[in-house]
Structures are given as structure tokens and as C-alpha cells.
Amino acid sequence: MPRPVTLFTLPWIDRPLPELAQKAGEWGYQGLELACGGDHFEVQRAQGEANYCQKKLELLARHDLTPLVLSNHRVGQAVADVIDERHKALIPEYVWGNGRPEEVRQRAAEEMMASARAAQKLGVAVLAGFTGSPIWSYVVGYPPASPAALKAGFKDFADVWNPILDVCKEVGVRFALEVHPGQIAFDLYSAEMTLEALNGRQEFGFLFDPGHLHWQGIDPVEFLRRFPDRILHVHVRDAVLTLNGRTGILGSYLPLGDPRRGWDFRSPGHGGIDWEAIIRGLNEIGYDGPLSVDWKDTGMDRDFGAEDACKFVKRLDFEPAKSSTGAASRK
Amino acid sequence: MPRPVTLFTLPWIDRPLPELAQKAGEWGYQGLELACGGDHFEVQRAQGEANYCQKKLELLARHDLTPLVLSNHRVGQAVADVIDERHKALIPEYVWGNGRPEEVRQRAAEEMMASARAAQKLGVAVLAGFTGSPIWSYVVGYPPASPAALKAGFKDFADVWNPILDVCKEVGVRFALEVHPGQIAFDLYSAEMTLEALNGRQEFGFLFDPGHLHWQGIDPVEFLRRFPDRILHVHVRDAVLTLNGRTGILGSYLPLGDPRRGWDFRSPGHGGIDWEAIIRGLNEIGYDGPLSVDWKDTGMDRDFGAEDACKFVKRLDFEPAKSSTGAASRK
Amino acid sequence: MPRPVTLFTLPWIDRPLPELAQKAGEWGYQGLELACGGDHFEVQRAQGEANYCQKKLELLARHDLTPLVLSNHRVGQAVADVIDERHKALIPEYVWGNGRPEEVRQRAAEEMMASARAAQKLGVAVLAGFTGSPIWSYVVGYPPASPAALKAGFKDFADVWNPILDVCKEVGVRFALEVHPGQIAFDLYSAEMTLEALNGRQEFGFLFDPGHLHWQGIDPVEFLRRFPDRILHVHVRDAVLTLNGRTGILGSYLPLGDPRRGWDFRSPGHGGIDWEAIIRGLNEIGYDGPLSVDWKDTGMDRDFGAEDACKFVKRLDFEPAKSSTGAASRK
Amino acid sequence: MPRPVTLFTLPWIDRPLPELAQKAGEWGYQGLELACGGDHFEVQRAQGEANYCQKKLELLARHDLTPLVLSNHRVGQAVADVIDERHKALIPEYVWGNGRPEEVRQRAAEEMMASARAAQKLGVAVLAGFTGSPIWSYVVGYPPASPAALKAGFKDFADVWNPILDVCKEVGVRFALEVHPGQIAFDLYSAEMTLEALNGRQEFGFLFDPGHLHWQGIDPVEFLRRFPDRILHVHVRDAVLTLNGRTGILGSYLPLGDPRRGWDFRSPGHGGIDWEAIIRGLNEIGYDGPLSVDWKDTGMDRDFGAEDACKFVKRLDFEPAKSSTGAASRK
Amino acid sequence: MPRPVTLFTLPWIDRPLPELAQKAGEWGYQGLELACGGDHFEVQRAQGEANYCQKKLELLARHDLTPLVLSNHRVGQAVADVIDERHKALIPEYVWGNGRPEEVRQRAAEEMMASARAAQKLGVAVLAGFTGSPIWSYVVGYPPASPAALKAGFKDFADVWNPILDVCKEVGVRFALEVHPGQIAFDLYSAEMTLEALNGRQEFGFLFDPGHLHWQGIDPVEFLRRFPDRILHVHVRDAVLTLNGRTGILGSYLPLGDPRRGWDFRSPGHGGIDWEAIIRGLNEIGYDGPLSVDWKDTGMDRDFGAEDACKFVKRLDFEPAKSSTGAASRK
Amino acid sequence: MPRPVTLFTLPWIDRPLPELAQKAGEWGYQGLELACGGDHFEVQRAQGEANYCQKKLELLARHDLTPLVLSNHRVGQAVADVIDERHKALIPEYVWGNGRPEEVRQRAAEEMMASARAAQKLGVAVLAGFTGSPIWSYVVGYPPASPAALKAGFKDFADVWNPILDVCKEVGVRFALEVHPGQIAFDLYSAEMTLEALNGRQEFGFLFDPGHLHWQGIDPVEFLRRFPDRILHVHVRDAVLTLNGRTGILGSYLPLGDPRRGWDFRSPGHGGIDWEAIIRGLNEIGYDGPLSVDWKDTGMDRDFGAEDACKFVKRLDFEPAKSSTGAASRK
């Protein structure tokens, strides 16, 4: 049985959920990865209103959709980050509050705890999102960070996230960090360091999104093989290298879609990622969760792309062999 | 006449200058790019002591060495950076002082003005170094920086550096920023933005170091062709991509020399850079300044490498054609 | 709304138009790029017969086809070429006449003027075709042409084509030169030189066919970015490099289909061209004209290929983002 | 008219033929390449029972299937091989008998003669299979084999196979050796040597399977061009190189599907083979026999894959040009 | 014994031979390939003056130089070419004469006969040069040439060159055509066609220059293996592809050295040619003639480059194994 | 201090040791890896004659050579192999004896024990060589070997080699298997299996020869990193892939030097191996034994190549950094 194909709603946060859900059903999706934000999912209402989650489920059910994962990237980002004005635009006003960094981080942590409880109410086993990072500015930069400074950064991360993970444990939800620039884990070895900082606790794992691994030159399948038990969720997003001698991997601060960038995102199947290898890798580690389209492509109409992506993922996801002996008899 | 081959002294800052100068002469170098730091070059003494510069020149002359460029990377870094503990270890105590960020930046700016004046005294026309950057932490990260935030960052940079460049103008010295991660300009298009932020003023140009361009996927020759009039100085440093599926371009915070990194530095000629193309590019734009070895290779003995590098650069640097018609008659 | 997919009729000049139009409609085409030749389009009859164009339009309309571009490659070739026996087989007898080169060129120029007027009558805004070239024999050959000889060649081209472009201007039709070996423009820089020779007059632009750019090693998207305002028409034709150590790029005079050639044409989607990148490039420059299949593949049945190509182009041509902000919300 | 797409039944030998035939019909196959083994095809019954072949034909016809080739890989392997315990598991008990190598080889040869006669009864013109090899253990190994030893090996092969080929000649059936490791011919030049050892007799040719050529670094199209008259049958099987620095081409004795191997098989269209080029190559040499899916992919469900493969091959196989002149008129 | 390293004098035709010979000796060359032109070698004087050749030999001997090949590219070009103004600048006035094409060709043919006789007098066995071509303008262009037109072109070539080759035969000199764009043979298959047009006569062979093969995508070693008995002379000249997406293989008529070209020449060892493979290829076919530096590099000083090239070729040219058995004993 | 460069004498077994030693000294070698065979080293004499080893040492000392490793590849091969006629030519008559396979294997094992004792007498700590393999014929072939058969093969290997390794332990010598086709270990994973079969006993390790790893597609540095404590000896031998579409990796039984092979050996520095990376890898694991030239190149004169190789290795082998902190100070 192939994996369910879901649509991650954050890139559609500007569109009301009832409208989006109807479209998603028509496009062929089997579920939604609800994003906290807009009217898609409101953590405080889920906490405070008795039937908030039930109504969401009913709305989705009308379009034959199931929620399989709850996501809260934006608030998660503020938990372990160095807070500045950029965060204000991303998080709810009641989390930003007076904007004092340490207090924002604290309120963000509490909101993530509430998100974990909301995930339980919604009946999903995975809360996905960002963590932020106190040491992102040290990446490939100058002056170099001392080993002590790095160690302190990972400890800071663990200190603020452990209480959230305690709540996850309590409510039976696992947190899946999207491995991504700007987060405590952004590549294979920083993911190792992150697990080590958390003493490998079981509530924590990864949201695997090959898009950002691709442009870093990392083979996404090697990531899967390294962390077979920690892949809690999968985003389907394509990326392409656009190096031509003048463009660079770091992208010159240019926005997505600018042809002077060294890489960009693409609608699934329209970029450079070897999806066949990824499906085989997911089969190899026994991942059976959703394949969730995180749609981003500045060169394609969004609605056209969402439908195209759904079809692409369904074509892509084939059945693994039922048993190694049964795969095919030898000559 | 080939370009002079010089040794950049910062990677040898742990070794007293008299000893280093003797070695450099024996290894075959024709000059030194003196770094501000240790006993190599002390800006305040150059300012305060009548014959400080003269004595440096005499020391060098004893080994047939000329100073062609003065560098002050570490203090330059503090001028436009977001200051934290990492800077304390890099800059003189009197610049760090009370460590209050805005005051540190101010004192760093004054030290760079003094460095420009010292360059004049030393008789060199180029001051090289870093600028720092208020927006480095926004690179490829999250949350994305707004266009306004980026604009503000470039303006901040210009505001703190313009007074230094005014002094440069006054004393007839040009400042060469090493295009480098952690700086306001780190690739081709951020270099364009930097020039634009300074309204293209003539006192400002670039120290071209292909090492960091290489691993970003940028063709160093395209950089030369884009800024033919702004290449004020050249570092010779090699780099190599070590991508193997698990390593990544961003390097996982791992120190140089760790085989889990996606790239690393190499002694010149031992990496992946196409030096032949670079020499031709430098000939094409008419660069006639020094080729300065910025030696960095954790896998090779430093003294062995310095001599090896000097020989390599001398073999490499050939004479351009005297005139296009004289290059070779057609059949 | 995707671009109309049309069929260029010249490769089918051996088949009567009524039959071809019926087939094209069945294969799914939305229009025809009528070629002057055979019974497809006769310039003199269009000029002389009152309802010639009207009847063509009616014939096409019966199969839901529209003519979007008129083409006259063969006569165009004779305008600026060095005339020899090869041209006799290509052009109408009344243009060849006595075969005296200068007179052939003059009659060819007049026929192209008539073609422009016919295009107007047919209701299309673009006349496409070849120009010929007085200096093609100088390409990569020996003896080298002097700068003066090259300049004279471009001037000769401009002298014979300017009067034709004057007529184009008069009737509101633009001429699109297919950038192609044997023509005055065959690559990116010769296209620049051609525009310069014409002082950039607006009646002149290019028919973009990536097939010939591909084997020359030119990235077709770079061509689009260089001439965003001059892409008047697009041919869809694929090509493939077949270098194996013995074959060469110049092809040893061997006919298409011979496996000893270094490159060959292929039915769209069956070659080496990155069509995804081309669609994005066309979206980037805002091209909204037809995508016209110029079918050529000696290894595939022509009728099978024409239908296959139509489907391929329709699958390929996706909607660009409606606005950059609407492409996808950021996380 | 495209070539018939058939299913090679050996990888399904564990499934009864009536069940497999029904499935194959549903999946879209047009014929079966019956393998000797299990209940698929029993050589002795074909020899002994009057209507055995007729019944097979009727069974197939019920599912619109035709048998186009008969295969006997396993017994063929024992004819010229160095016999050991591995063969016992592969061949019928009555061929293994007492297991004395020379006697096994003799009985295997007789069974292959019977297979040729059975092929005639079944109405097919090609018997496909393996030959075994007395010199396989010399491949890339040590100690090197002397020219004399190699010559003796090829002679041994010819001596045991010539009598079988005599029977083939008698009954009008050609034998197609699958070029494959472990056989007397496994690459282009060993195939040349094999033909030479047989003095080029016409009853002998090759079963072309690009899968094993691919990982050896051989271009399958070069193989087709070298032996245009000897391609008697074609297997469609894909393969992929999985070299990552640690894996090796020789595969460390690891079973198919183990990610530590340097190459592996894949369902058609899911590997690295350039099928477009192969179809063109087959068109070029005029091959009009079946395209027979030899399905092997440890990472995919077998039934899913068989249907997927049938669709893939049908999409792939296009019509060649009816004549070179008719392919497309020149501009 | 390594092959003699000689300098081809045509690229130095602006420098008097006595001066060039002295330089060549100092640079390390062992011989000169004298070019007809300037004062290097005057065919009519060689014919008319009793001791002209003797004096040349003495001049060379003073610098320990031997003439191993005589070259006459420029006049050879005019023999089979379509004559225009470009040729006037290349050939002696007495050959150009009235400039009437057919008469120029005739006089050029006679001059080549005289060149062959001069070669004999000079004591060299090879006359090298160009042939020109009546069909160069048909290459990759439009309109396509008919098979009949191509055949006529090759016949025209043979008709004008056969009388020259008759003289070669008479005087015991072989003519070596430099395979080169603009000549009757410019790649592997056109070289085959050329030999066929001459019925394979033994007086005709090739000057192998890998520079022009390289940018056409041809493996120079495949050329050597195809014509082992026809390699009469070897030029050492390097070339480099400079494709960057905008540049093209046909070079846009741009002069050597222009960075907008798709390829360019380089001093030996400074380009992209695999010289190691070429030396092995020459060893394989048993070529024991000179390695003649045809120096061309617009980015390097000519005198520097000539010396650098001589050293490069001497380092490059190693001894082949004395016998295959003696190469190295097996383990 | 760079590693000693030695010459492996087996490829020179046809040349008397006194003559070879003199040459090796002149070529610049610092030691010999003596091969058992010819007069280079005779195991039985070393065992029986009191001063045999002493005389060898004196002979070498006269040419400033030291023996650093003793090798016995040929007899080692016979220990675990499937014995046939090929072995007769390789091993001493007294080991072959009656040629009965099991007895030959037994005598070969005893000779290897004697070789270990001889190594001790000679004063070297490493005995290098081959092991043979009972399962080589199963590699990439058909029929596939069962897991049980493979397990039995490794057990057989261990059974015959453990007694030899017991002697090694007794005399303080380690045995270094050259990882090589035809041996029990031929790639990275079979090397793992081999160590496992021996329960990781310390007397056993590997002779690292990148030549055979290269053509198998294995990165030699990955091998070094996998077995840092087991690299007991290093051979310097280069190899090159010569794939051109027709050649194959398995080499068609063609002898070294035949251009139809898919790979071949080359004199060090003349092939495709990345020696820079290997030196860094050896530095990384702290290998400080000899770099022993195992010279093999059918395209180069053997004496020329031996000297060329010695120079190449000396140029190649640079000093690692004395300490990571001292490698180069950070900016």
C-alpha cells in the first residue's frame, strides 16, 4: 500500500482552510499537514475550545482528507534562536508580546508545548517544525567559533527544548525537526551533534526534506541510512543547482526566483533531486508515514503546481518488494 | 616581468617576524604582506614611533624582501560586525576595551584609519583586510531577511566604513576587502551590492582570494572579469571539494582538516583550483600587483608547504603576450 | 493559459496541405506555421488572388487550426547568400530565373517583401525565415577573414535586408531570423553583431530554435536572457550529441541519421535539450507566442513523431506564477 | 508496427503458469518467453507427450499471449561449465543424476538438443539460454591464464556446443546465448572470440541484455552495431551503478539488493540504461523480434513492477522512419 | 631514443631565420620545420640557386638544428580552394599574379610541385601543408550539399592534387596534409573520404595536429589508431574548450584570444589535450618522426612559450617498452 | 621525514639481484621489497644457509638499500586457491611436487611458514603476498553461490592460513595480503569479511595497492579510512580506465597493454589515481612504512619507468603537519 500523499498547508497560509481543503481534495491529496498559522490551525483555540479539533477533522473529512502531522515551524523557530525583528512577522502577537528576546523564547517554548498537546487532541503522532539555533551565525563565517562556544550553543538548544520534549513524551507525540539552514541541525553531521546534545532521547527525530540537502551537496539517501529510526516525517520539495560561474551556493541574499542565485526550489519532479533513489531509501528504512508536498516554485503557477505535484508523487511511490526472497527468483 | 611573490604573514603570527623574514627569504619569496598582529606590525607603534616603519623596511631588506601590502583583517572584522566574545580573542586589548559592541566598533574603525596612515608610512598603496558584516547571520538561513533589513545592513556597513575610506583617500591608500564568508561581500553579486552601497567610490576594492569562491561554486575568472578595476590585491590559496554524499558545503561547524567537512583548504597547487585560468584572467585585466601566498593546509607541514608554494607560484606565473599581434603569426 | 502548439509545415512540404491540416488537427495541434512552398502557401497567389488567404484560413479553421506565423526559409536564404546550384532546388523557378547570382538575390529580396505583405493579409504578425549569409564560408575555416572582410559581409547583409525590413515596418509585420548555421546569425555573439549591423531596428528579431544552439555548446536559456525583446517565434526541435571519440562536431558532411555524425536532431523530448529550463526561460522573458514543432528525426516515423511531439509540448508548457508574491508563501 | 512485448517467465518460476499467464495478459503483455523449469515448460514432456506443446499454446492463447522464444538457461549453463554443487539446485534431477561432472555436462548437452526440438514443436525459431564456461574463473583474476589455456577453453566450449548447434540447424532453430558473466561470452570482445571459436556458424547468436553490459562500462549500442546479424533476442532489464567510494564493481559477493554492492538491477526505466538509444540501435540493425522483460528488482514489488515494465516498454518502442527520405523533408 | 623536438617556423615568419635559429637552439630545439615564406624558405631560390639549400643546412647546423620537414601551408591552401581576396595576403606575388581564380590555383599547384622538389634538395622526406577545399562552405551549413555536389568536390580536389603527388612520388617525398578546418580533411571521416578520393595512393598522408581535433570533440588517439600508416608528421599544439553557456563552438567569427570564443589555442601543456595518451598512441603506431611545436597562444609571451613548450615536449616523450614481454614480468 | 621509497623486485625477477640492486641505487631507491623467486630471495636457502640473509643485506647495503618487506606472492597464492596448471609455472618445483591439489596447498602453506621465519632472519617485520581464494570463481558469475557456500569458502581460507599466522605471531612478523582480484579479499567489503573470518587476529593485515581498487570504482582513501590499523604495507602502482563504449571492466581475457581492455596499469603518475589524496590518507592514518613501487606499464620502457617512478614518489610524499594547531594559525 503506497504512502499517503499530503499537502503541507504553510505555503498556502494566505488561503482560508475551507477553500484550500476543497482544492486539495480535488487535486487528489489524501491528507493535509496542517500548519499552525492563519485559520489553518490555532493552537490556543485548540487548547481552549472543546470541539475545535473535531471541527477541523470534519472539515477535512468532507474532502476525504486526513490530518497526519501537525506543524508549527514559525513558533518553533523562536524557541532557540537569537531573536530579532524578523521573528515578529512570523509568530502570533501573544507570543511576541513585549519582544524581549528571553521572554519571547520562553513564550515560544510554552506555545510549542501547547502545540504538542494540540497534536494529541487532533489525533496525530508527529509534531513537525523548526527549532531555531543560537549558533547559526557561526556557519562558514568568521571569526571562527571556538569548540567551547559551539558546545555552549548545543547545550543552550537542549536546555530550551528538553522541557518541550518532556511534554511530547507525556502526550505520546514525537517532534520532527526539519533539517534546514537556520536550525540547530542542517546537515548530516550537525544532525548527529543534535542527537548527541539531547542524549538521543526518543521523542526527537527529523523531518526529512531533501531540498536543502541537495544544494549542500549531500546525498539525501545517505542521510536516511544514517538515521533510519529518526525519520518521523517527509517533505517532498525539489531543488536545482543553477551554478553558471557567476552564481554561488550562498546565494548573495537574493530572493527565491532570482536567476542570479546558485540554487532554487522547484515543484517536485522539476528539479535535480533523484526521487527514485529517495523512495528506495525510504523503503529500505521502512518509513511508512506520509509524503507531504511542501510546494515552492517561483516559476510555476501555484495551483497548477500543487496538482502536478500530487500526481507526480503518486506515480513515484511504488511498492517495495514483499520479501527479499520473493522479489524475483534467480535465473 | 612576472609578478612579485609574497608571503602573507598572518598564518605565521605565532612566529617572530625576524625569524619569519629570514625563512621567507630562504624559501624564495620576494616580499611580505605584513599582517597587523603579534610583532609583525603594530599600528600604534607605527603611529607613535618615528622610525618604526623604517626599521621594518630594513629588517625585510636584509632578506631581499619588500612589503607590498599591509593587512589588518582582525580589526577590520570588528568594524561592521555584530560583536561578541569571538572578537575579543582577535583584536588588541585597547580596541576591545570594555567590550561594549558599539564602542568596540568605533575603536576598530579608528584603528583602521590608523592602519591606513601606517600603510602610507610603510610606503605601500594597499591596505587589505576584512570589513565584518551586520547581516552575515541572514545568509541562506531562516527567517528570511526582508529587503528593507538587507538594505539597512548595507547602509550600516557604508556608514561605518565611509569615514575610514575618507582617510584612505586622504593618504593615497586603497582598501582591499578580502571577499570572504563573514564579510559584507562574499560572492560576486554581494560584491556588486557592496560597491553600490559605497556609490562605487574609488578607494574601495577587493582582495581576490579564489579559495572561498571555489567551494561556493563560483568561477574565480568570472569574478575577475566582472571587477577588472577593483582587483587591488591577490591571495594564492587553494581549496578542494571533499563531497562524498555525507559531507556538506556548510561544513557542520567542523574545524579545517576534519574529513567530515565538504571542502577544505590546500597548499597552492594541491587543490582543485584552475590556477592556469586565474593567471590568464589576471593577465587579461592587467593586474600587476603581488601574488601573495595565504598558506593554509592542515594536512601538510607548514614550512615545507611555504617553500613548495613559493616555487609553485613562480612556475605558474608566465608572461602575457607583449601585444596581440605579436602573440603568434597566423599560418 | 499555455501557449498555442503549432506545427511548422516545411518538413511536410511533400504532403498536400488539406491532408496535413486534417492530420495536424487529429494530432492535437492548435495551429500551423505555414511554410511558403508546395501548396502550403504560394506568395504570388496570395498577392494576386483576392481570397487566397481567406481560403487558407477557412481550410485551417475546419480543423480548429489557426495560422500564427508565416515562414519563408528557402527564399530568404537566397537574399544574402553566395548563390550556387544548391539554391536552384530550393526556390521557385521564377525567383531562380536565369540563375545569375546578383539577379537571384534581387528577385529573392522582392519575394520576401511580397511574403511580408502576404503575412499581413493572412493576419499574422510574424514572418519567419532564413537570411543567408555572404560570409558563412569564413566560419572556423582558413584563411582567416580580416576584420574588414567581416565588416563588409555584415554591411552587405544589412544592405539587402533593410529594404525588406522597410516593407515589414510598413505592413506591421516583424521578421524573425532562425538563428542557424548558414545564416548571418548562428550563435549568441553573431546575433549581437547582426543586430548591430541593422542598428537594432525593431522590425528584426529572432526565431529561437534551441536545436542548433545545443550542439554548439551554447545554453539556449542564456540566449533568451540576452535577447528578451527579440524572441519573436520559437521552434521546438531537439538535438543530441553523439560524440564517441571518432565522430566530430562538424559532422564530416554526413547526412542526418548517419551514426558517424557528432550530433543529430531528435523528436522533441527524445534528445539532450533541457526543455524545462527553456520553458522557464520563456516565462522569464514573457514570451507568449506559439511553440512550433519543427519536426526532424531520421530514426522515428514522421507521423508517429508529430503526434508524440504535440503531446510532449502540451505536457511541458506549464503556467508561470501569477505574481512573485503569490508563488508560494514563505514558511 | 511496434515489437511484441513479452514476459520472460524464469523469474516467476515459483508461480504456476496458468496463474502467471492470466496475470501477464492483464498486465498487457503480448507473449511469453517460456522458461524450461517448474511447470512453465518441461522438455521431456514436450518430447514425450503428443499434445504438450499444443496445450501450452492454447493456455497462452486464452490470455492473448504468444510464445515467441523458448529459454533454457539453467541446463545450458551446465553444458560447458566447471560443474559443482551450485548446479545441482538449478537443473532437473535426471540431468544431474550421479553428479559426475563430465556425465552431467553430457546429459545437459542432450537436454539442450531436446530443448531445440521442443522449440521447433512449440513453433518458435529461437532457443535462448546460457552456455556455461570452462574459463570463467580466469576472469580478471590471478594467476593469469596463458593464451594456450584460453584457447583450450574456447575449444572445449565449441566441442560441447557444436553437436547441439547441429541439432538446431536440423530443426531450424537458432540458439541465442545471453551475453552474461559466467558465460563463454560476457562482453563485446569475448563475444567476438566466441563467434570465432564456432567459425561463425549461423545457428549461433546472442540474446542481448543491456543490464550486464551497463555495469561493465560497455555501451550497449556499440554491441548492437558490432553484431547486427547476431542479435536473435532481446531482454529488457535495467541496471544502476551504485558506486559511492566504498562499493566496488565486483560486488564483494553480496546478494542483489544489498546497498554495499557497486551495481544492481532495476525494473525497466528505473535504472541508468539509455533505453532511447537502445531502441534506436535496434531500429538501426532492423531487429524485429520481441522485447522480453527479464524482471529483476529487489526494491520493488514484483507484480507492480511487471505491469509497470510492460507499460514502460510499450511507451518506449516507437516506429522507425519508413524510409530515410521520408523521415522529414529538409528545410 | 626519444623523438626529435622541432619548432615549426611559420608562427615566427616575422622574424629572420638566422635570429630564430639561434633562439631555437638556445631554447633546446633539435630541429626546425621550415616554413615556406619570408626568408625562412624561398621555393624559387631553392629551385634556382645551386647552394641555397646547402646554406640553409649550414645555418641550422651552426645551432645544432636539423630540418626534418618542409612546410608550405599557404600556397597549398590555394591549390584546391575557392580563391578570394584572403589568399592574396598569404601567397607570393608571383603565385597570385592576376588573381584569376583558376590561374591562381594552377600556379599554386606548380609551386607545390616545386616545393616537393625543394624538399628533396633539402634532404627531407616529408612536405607538409594545407590543400584548401572546394567544399568547405558546405560544412554544417545550409542549404545542404547534395551527395553529387560532395562527390564533385572531392573529385575536384583529387584532380588538382594528383599531379602534385605524382611529383612527390618521383622525388621520393610524401605530402602530409594538416587535418584542419578549411581543408579537404578536417576530421576522422572526412580524412577517410579524402584517402578514398585519392585511391589511397601512398604519397599522401596526414600531419596530425590534435589541437583542431580536440575542440571538435574527437579523441586524437582514435585518429591515430584509424590511420596508423598515414601519420607522416606531428604538430604539438594545445587547445582548450572555453564553453560557458554563451560561447559557442563555431566561435562567432571572433579572433583567437577573445574570451567570447568557445575554444582557443594554448601553449603545449597549458590546454585540455591528454598528451600522455597521444604519446602512447604514437608509440602504439610506431611513429618515429619529429614532434614539431606549432606554437600559438594569445595569452602568453611567444619567446617564453617557445622555450616552455620545448621543455614540456622533452619531459613528455618517454621510451616505449622495448618488447611486450620485457615490459614487466607478471607477479 | 618522508617515507622510504622502495622497489618491489617481482616485476624484475628476470634480472639478477646484484644487477638490479645496483640499478635501483642509481635510480634513487632507498630500499628493496625482496620477492621470493629467481635469485632475489630463496626461502629454503635462507632457512638452511647460516649467512644467506646476511649476504643479501650486505649486497643491498653496497647500494645504500635496505630491505623493508619480504614478499612471497606466488607461493601464497597456492595456499588457499583451487590449484590447476597455472600454478605450476609460478611456484618452486619442490612446492608443486606431484601436483595433487591438496598436497600442493599443504606444501605451499609450509613454504609460507618458512617465509615468515626467513623474514624474521632478514630483520623485516612484514611478510607480504597473496592468499589465493577457494571462491574466486563465484565472483559476479553464475550460478550464484549460496550464503553457505560463501561461508564455507571463508572458513576454508581461515583453516589453511591460521597455522601460517600462528608462525607469524611466533616470530613477530605480520602478514600483509595484497587486496587483489583472485584473492580472498579484493575490495572493501570482502576485506571486512576476511578479517571477520580470522576473528580479527592481529598478525593479519593488508598490503594496500590502489591500482586494483581504482578500476573497481573504489576510492582508495575510503579503504584506508576503513582499515587504519591494518595497512601494513603500500604498493605504488597506477591504473587507468580506458572505457570507450566497446571495452569493458572485465577485460575480455585480453593481456595487459591490449587497447581493447577496459583498464590497464600505468607507471606511477601516468594513470588516473589521485595520489595526492592517497598521501593525505596515509598521513591521516599515520602510516610510516615504505612506499614500494610495483612497476607495471606495457607502454613504457621498464628502466626509464623505474627511475621516473622513484622521482615521482619522492616529489609526491610531503610532510604532514607536525600538529593540528601548528598547521597554520587562523586569520
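We just call them A, B, C, D, E and F in the order they show up, numbering each chain from 1.
By our rule, contacts are C-beta pairs under 8 Å (C-beta built on N, C-alpha and C of every residue); 3 or more make two chains touch, one makes a residue touch a chain.
Here the structure is a predicted model, which is why all the values come from computation and not from measurement.
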Among all chains, whose Cα centre is located farthest from the one for chain E?
A
Chain pair with more C-beta contacts, B-E versus C-E
C-E
Gap in Å, rounded to a whole number, between the CA centres of chain F and chain C
64
Distance between the centres, which are taken as Cα means, of chain E and chain D, whole angstrom
51
Touching at least 2 other chains, the residues of chain F are 74, 130, 142-144, 219, 244-245, 330-331
Parts of chain C lying in touch with chain F, wherever the complex brings them together:
244-245
Within their complex, state which residues of chain A touch chain C.
10-14, 73-74, 130, 244, 256-257, 259, 270, 295-302, 304-305, 308
What does chain D use to touch chain C in their complex?
219, 222, 225, 276, 280, 283-284, 318-322, 324, 326-329, 331
Could you please specify the touching residues of chain E with respect to chain C in the complex?
77, 82, 85-87, 89-90, 130, 135-147, 149-150, 180-183, 186-190, 193, 213, 215-219, 221-222, 226, 241, 243, 245-255, 260, 262
